[in-house]
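Shared between the two complexes below is chain A, which has chain B as its partner in the first and chain C in the second.
And now, the complex of A and B:
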């Protein structure tokens, strides 16, 4: 900008810019308004309302809740056997995902990154279940994993003299659910890892090979560290998805047999829509929210941050 | 020969996993051509005889087509709404400097962590207050609202990559902000718009929880609700249910075949930026 006499310029500028600036403000407001209104009304307001309703005994009728009960809903929740089961089931699914599904996805991604014949076809196939709805997946597997000999899985196992009760028994229902989740979601994680692997420059792995690294060493000391950010994102999405698992469980087992496969979202819907205890159900949704939020913040702070630290240390 | 042998285990693992994914799908397609008696006596083999009745009966049922129509309508309306509203917001969030911009963007971005399930009960109460139960608008508006964070994050990132010179040239040629947005920015952003649209369509198509609480009237049921209901109605007629879910899968898989590139780029972009 050209320098003129200091006293004159600000006044001139203000005079020259006032009409466009006001219009500019109006433009910004008008462009933002629809998104802000939609978000405030249907995302923020319901979440705030859930927090509020969690302190009331409320059947959801007649305006805002009136019957304030303080922390009663939460006390009842934390004393509840079913809720403890919800947490156990969530823990099981999170651990199983981390221990089985993610290493499997990573391995498959590295495999598909090799020159494997038909890899485009495999990629298409592995990812296909992800685009199916959980509802379709649930109905399909409730038939395939039927406990009697009519189910395909037991027909296959029967050839080896084996069989399973799948969703029909409290001891097998969670592993069976985990099997369905793996079928539906490992392709998605494979896709993430594949994208991450392909963003690693060839020079790095080639240099390690030329220096005499065995395939395992190249993987352990070059590929794996460079995949760090992708792994952390994949873990994050997996955990957040598990916390709110609903469709599959609701359709296949409804949380049974005898609450053995119930998740927090299922318990919430059960109390919210079947028994009309909206206050108590809101308390459950608040716990879900807080769990996700605390996990997300903790993860951002302590795990995702390492990506940045690594960058500075290596420099 | 030696390289072939070395790759053998890899091929084996890939083939096994391929079978794990493919067998349930093939079982459903082939099973739809059997009757339920055949399914239990002959679970693996080809149908004998091939029966097309299950498929043709589903295709002849008006409920199936109505659910399909509802799913398509709700998915398209949701997508139009969320992409349109997000594009407007992303435009000013990307290309205007004003106080509070980052705060507003962060608020939207944090929305990515709000699980849908948390809001479902109050959402139900709100929609009832507005008279939007058993109204497709209830599902459309709520889905669009929850789609905002991801859409705005992706679109804003893309809008930022368009050089300032383009905007300056447009302004000199007499374009106002809306003219630039409508006639220059949106056409340039076609790939990003395709990506977010595909994400919105898939999200809406597969949504189960929200239609479940909003629609008690069968008139508005979408495919996922129909699939669940059909299973309940024909519990013992496995072959018929298989035919139904195969037909319910077809649109999703066809869409995936067409839009694979956009879906994949959207999911990986969403994951790395979320």
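And now, the complex of A and C:
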């Protein structure tokens, strides 16, 4: 740190007499201010307001809530069958994503890493669904998976004497929804894995091959461990995204039939904007927030710790 | 991506609390010269398609020409987005100057929160020109909070050709005859009923009508007041609906069907894929815009009576639309309501088929034979019930829609339906 010589610039004199550490603090504070203000206004304030509104019975009209009901909203929420269904649906989607979607993405990423004719074309093709907006995807699949003979999927299946009710039955709606989610997001995870795979030095896999490792052994003992950080991040993104799943469900099924595909965010929308029970909807948003936060902290503390260690040491 | 949208939804929900206190106060007791002041009227309506949309725009222009100090700013929104936008708007403590309302429970909540203007005195000259049925939804505790622009009723819109094909010679007047007709249609290989199962509200019409026919209008009124729907007659309404659903009368995949999309309920009837739908006065219009349209083959019959029920077949169920005025709106907003309630303009709306008569003496402007039937049934009605999802507080109305939708797909029993509705009503 170079000290400012007194007398260089008259205007700086006053500042120069202050201890440099305080001045540096002031500079930092000034530079941080815009971001902090925005963060407080657009992130912290709504969160705090949701916590606050969650303790009230409030239809959202005319000023701040008045009717304090304590934990009533939360008690109602935890006793509600719809909310229990939300949690079950979330559990199903998280497990299905981890068990099917991510392994599938990993497999495709490894294939795309091979020397393959038209590799760039495949990469583009697989990533394309992720670029589409959720609304477009939802409308598209509402048509493809239409439950009667008009649907493309049923028309094709019909040629083999098969058909499905897709979104129109309580028993098939969740798998159908998962199919759409997978179509939409596998490309994103594939891209992550592909990037991760390409950062693994060729020497390592080559060495393993020369040592007589079978392809499975090379994958299991070299590639997979080195992909660890990427996989852990991809799992994290997938879970958090699933907890907050909204657009696809809202447009395709609206949570139905008979709440079979409802997610927490859909229930929140339903109660906040249709039933005008903003207090109750706020309670749902708080539960969503806490769930995501607890998962994120737990995950960072126990799963991502090794990956983040480098970052903390350098600091 | 989805994270952003949910975050935005959550944020708007939460920011809802921010407004309110900081309302800019209009100077009370506005003086005469203030009329020359430049004012802007925010007009929110839901006529997203022509001719209604265009004619409303024209009226706004005409009003501006007659009142040079006024600018009318129109916001046109689709039904559901209108409701969401209104929710965020009213949460900020302000309502638009002039906005669409269906009256009932939502308007009552808005009135109680001081968001809408009491029009009883300001609009006194025009209020008596409206028919009593049309005004009913907007009168709360003896005060008028909106003026009607449209009124109608729900009934069965059916395909005469398909009915004839199945050997149903005349529209059924009793519930058992109705179930027979459904069976005959099925036997003839015709899908009897189109239903938008995804949207829930079309399903509630069945339960509401059955409740009206079995329990009667007074019992419904009483249930709303005592917040108790557990009476045996309301359970019976559900049992009758279950009996219908058990016949599997609806189109394939109705559980995921929308109302007005090209593969929805209206289109199924419009394209001759289903024989009927239970819908309001706008049905012919939506059928035409979402499919081929039935033309002369389209008929209308009122919801059948239930044998031994306390309600009459002449009791009508339905509703309309109207316009309310925001509490802080400039005085010109009420002038604007008077302007659009001019009988000549109302006739223009009727002849362009986006409204049914709400002003006494304009009934003759209806030319469409099916709509004429609606008007006849409505004017001869022995009683009137507003849509339950509008009449009741929003949470109760939505619970009716929701639990009836579950009843239809087999997710709830008739007993559970009345239990959920009662629980929600008690919690409001």
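Just so we're on the same page, the second predicted complex is superposed on the first by the 274 of 315 C-alpha atoms of A that agree within 3 Å, B and C clash if a C-alpha of one lies under 4 Å from a C-alpha of the other, contacts with A are read in each partner's own complex, and residues count from 1 in each chain.
We adopt the following convention: contacts are C-beta pairs under 8 Å (C-beta built on N, C-alpha and C of every residue); 3 or more make two chains touch, one makes a residue touch a chain.
Note that the coordinates shown come from a computational prediction; the quantities given were computed from them, not determined experimentally.
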item: Touching partner for A:244 - first (chain B), second (chain C), both, neither; value: both
item: Which superposed partner A:84 touches (first chain B, second chain C, both, neither); value: neither
item: In the superposition, chain B vs chain C on chain A residues touched; value: B
item: Which of chain B and chain C A:275 touches, first, second, both or neither; value: second
item: Chain B versus chain C as contact partner of A:108, first or second or both or neither; value: first
item: First (chain B), second (chain C), both or neither touched by A:169; value: second
item: Touching partner for A:258 - first (chain B), second (chain C), both, neither; value: second
item: Which superposed partner A:155 touches (first chain B, second chain C, both, neither); value: first
item: Touched partner set for A:75, first chain B, second chain C, both or neither; value: neither
item: Which of chain B and chain C A:296 touches, first, second, both or neither; value: first
item: Set intersection of chain A contacts, chain C complex versus chain B complex; value: 42, 45-47, 49-50, 53, 60, 133-134, 142-143, 149-150, 240, 244, 246-247, 265, 268-269, 272-273, 278, 281-282, 285, 288-289
item: List of chain A residues in touch with chain B within their complex; value: 24-25, 27-28, 31-32, 34-36, 38-39, 41-43, 45-47, 49-50, 53, 60, 104, 107-108, 111-112, 114, 116-117, 122, 124-129, 131-136, 138-144, 149-150, 152, 155, 183, 187-188, 191-192, 195, 229-230, 233-234, 237, 240, 243-244, 246-247, 250-251, 265, 268-269, 272-273, 278, 281-282, 285-286, 288-289, 292-293, 296
item: Partner chain A, residues of chain C touching it in the complex; value: 1-3, 5-7, 9-11, 13-21, 83-84, 87-88, 90-91, 93, 106, 109-110, 112-115, 197-200, 251-257, 263, 393-395, 398-399, 405-406, 409-412, 427
item: Chain A-facing residues of chain B, complex; value: 7, 10-11, 13-14, 17-18, 20-25, 27-28, 39-40, 43-44, 85-86, 88-89, 91-93, 96, 98, 104, 107-108, 111, 113-126, 141-142, 144-146, 148, 152, 177-178, 181, 202, 205-209, 213, 223-225, 227-228, 230-231, 238, 241-242, 245, 248-249, 252-253, 255-256, 260, 263-264, 267-268, 271-272, 274
item: Contact footprint of chain C on chain A as seen in their complex; value: 42, 45-47, 49-50, 52-53, 59-65, 76, 133-134, 142-143, 146-150, 165-170, 173, 240-241, 244-248, 252-254, 256-260, 265, 268-278, 281-282, 285, 288-289
